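One chain, chain A, appears in both complexes that follow, with chain B as partner in the first and chain C in the second.
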Partner chain A sequence: MSTKKHLAFLLMDAPYEQARTTTGLRLIDLALKKGHDVTVFCYEGAVALAFAKQAPHANAVHGRDVEQEDHPNPKDWIAALVKLAAEKGSKLTWIQCGLCVDERGVGEAVQGTVRGSPADFLKAVETADNTLVIPTQ
Partner chain B sequence: MRGYLLIESRDSFEGTSHFFDLARSLAHEAKEGPVTLFLVENGVLPARRCYASEQLAALAKDGVEILADEFSLRERAIGRERLIPEVKAVALDAALDLLVEGRKALWH
Partner chain C sequence: MPKKILHIVESAYRATIEEQDDTVLWFTHAMKGAGADVSVLLRGNAVNYAVEGQDASGLSFGARKQTQPPRLDADVAKLASKGVEVFYIAEDAQARGLQATDLIGGPKSLAKNELPGLLARFDLVFHW
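This part shows the complex of A and B:
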């Protein structure tokens, strides 16, 4: 009997603001590492997590250049999750709420993400073995 | 029984009593299956021996399993020796395994 499961996650927080996003991405990473299929629906500010134009920056206060600062960008974490899924033979479906994307002008997303609507989240919930909603505060 | 996975990400100063009440109520309904309270991020702070940890100890007496994310504890420099005995430090894998097991999951 296959132990592969399908988990659905809903993220809502914008990047660089809350630890909730980090924990959500940690759970998604673990699920993929264990060979499960994952659907992520990004709603509201979370659609900016995959925005392709995020750029690392230097830290003038501490006198560090871009390389020394090594500032993480969530788009790179998402790209890494897409790569991890391919390596593990898992299916990662990363859906960006289209209206939320348009409102924020963050239509250029990293490869491996698709545009969708809350109806796609409903479909994911209906087909997933379990769902975790990580709401904004 | 599917049971419940309640994930607490907030410190007690941010208002957790209603979520703890929910955990207690679900634990009293034995037919609902086991109830696990998973502490993560600032949610791990009451796991230290302090006035707020009394609420967690009481929950454990009511049958709620209480787990705390090791990573969140390390981020906050909370060693295992500072945890009350009712709280077990675990990797985040434990929460994922409960999700995979099919526990109904709620995040606060």
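This part shows the complex of A and C:
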């Protein structure tokens, strides 16, 4: 009997704002590592998590140049999750709320993400074994 | 059978001026339009969304006016008219000095001790 599950998540926080985003990414990472399929719907500020033009920077306070700082931008983590899913034979569907993307001008997203709408979230909810919404406050 | 979904809206007036609506009410409208079996519970400060006649108009920065301010009472009423059950926590309304006569028609009053019974009716509860 297959133990593979389909889990759906909704993320809402913009990057670099809340620990909730890291928590969500931890849960997604664990689910993929266990071979489960995951659908992520990014709503509102969370659509910027996958924005391809995020850039790392040097950090004078840390006394490190850009390479030494080695700061993974959120887009890098999302790209890594896409790669992890492929390695594990899991399906990661990363959906960006299209209207939210347009409002914020963050249409250039990393590979492995798609544009969608609340109807796509509903489809995921209806087929998922469980759904976790992590809203902003 | 579609899953029965309850949206609990508690984070109130978050970015409503920028968005010209409440993002969770908007999301609920979109989900209902896509065929969801969805209900809404207003709690905390969000009970104020049911207050009739609230007016957020008049904002401008420089010469740029906001001509389509959020109309949250109308958005809640529209949900109810689409068949979305809308509830609000009676004690939260009372704590804010709101009487039933202050509210639009449609939303149903629910005492806190009735919450377990309500939650048991749903497959999924999303707390915003």
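Quick note on the criterion: the second predicted complex is superposed on the first by the 136 of 137 C-alpha atoms of A that agree within 3 Å, B and C clash if a C-alpha of one lies under 4 Å from a C-alpha of the other, contacts with A are read in each partner's own complex, and residues count from 1 in each chain.
The criterion applied here is as follows: a residue touches a chain if its C-beta (ideal position, glycine included) is under 8 Å from a C-beta of that chain, and two chains touch if they have at least 3 such contacts.
This one's a predicted model, so the numbers in the text were calculated from it and none came from an experiment.
Enquirer: Considering only the touch criterion stated at the top, classify A:Leu30 as touching first (chain B), second (chain C), both, or neither.
Expert: first
Enquirer: Using the superposition on chain A described above, determine whether A:Ala52 touches chain B (first), chain C (second), both, or neither.
Expert: Neither: A:Ala52 stays clear of chain B and chain C.
Enquirer: If we overlay the two complexes on their shared chain A, which of chain B and chain C does A:Ser117 touch? Say first, second, both or neither.
Expert: In the superposed model, A:Ser117 contacts chain C only, not chain B.
Enquirer: Taking the superposition on A as described, I'd like to know which of chain B and chain C A:Glu44 touches: first, second, both or neither.
Expert: Second partner only.
Enquirer: A:Thr131 in the overlay: touching chain B, chain C, both, or neither? Say first, second, both or neither.
Expert: In the superposed model, A:Thr131 contacts both chain B and chain C.
Enquirer: Which residues would you name on chain A as touching chain B in one complex and chain C in the other?
Expert: Overlap of chain B and chain C footprints on chain A: residues 131, 133, 135, 137.
Enquirer: Which stretch or stretches of chain B touch chain A in the complex?
Expert: For chain B paired with chain A, touching residues are 7, 9-10, 40-42, 69, 71, 92-93, 95-96, 99-100, 102-103, 105, 107.
Enquirer: In the complex of these two chains, what residues of chain A are touching chain B?
Expert: Going through chain A, the ones touching chain B are 5, 7, 19-20, 23, 26-27, 30-31, 34, 36, 129-135, 137.
Enquirer: What does chain A use to touch chain C in their complex?
Expert: 10, 43-44, 117-119, 121-122, 125-126, 131, 133, 135-137
Enquirer: Enumerate the contact residues on chain C facing chain A in the complex.
Expert: It is residues 2-3, 5, 11, 14-15, 23-24, 27, 30-31, 33-36, 124, 126-128 of chain C that touch chain A.
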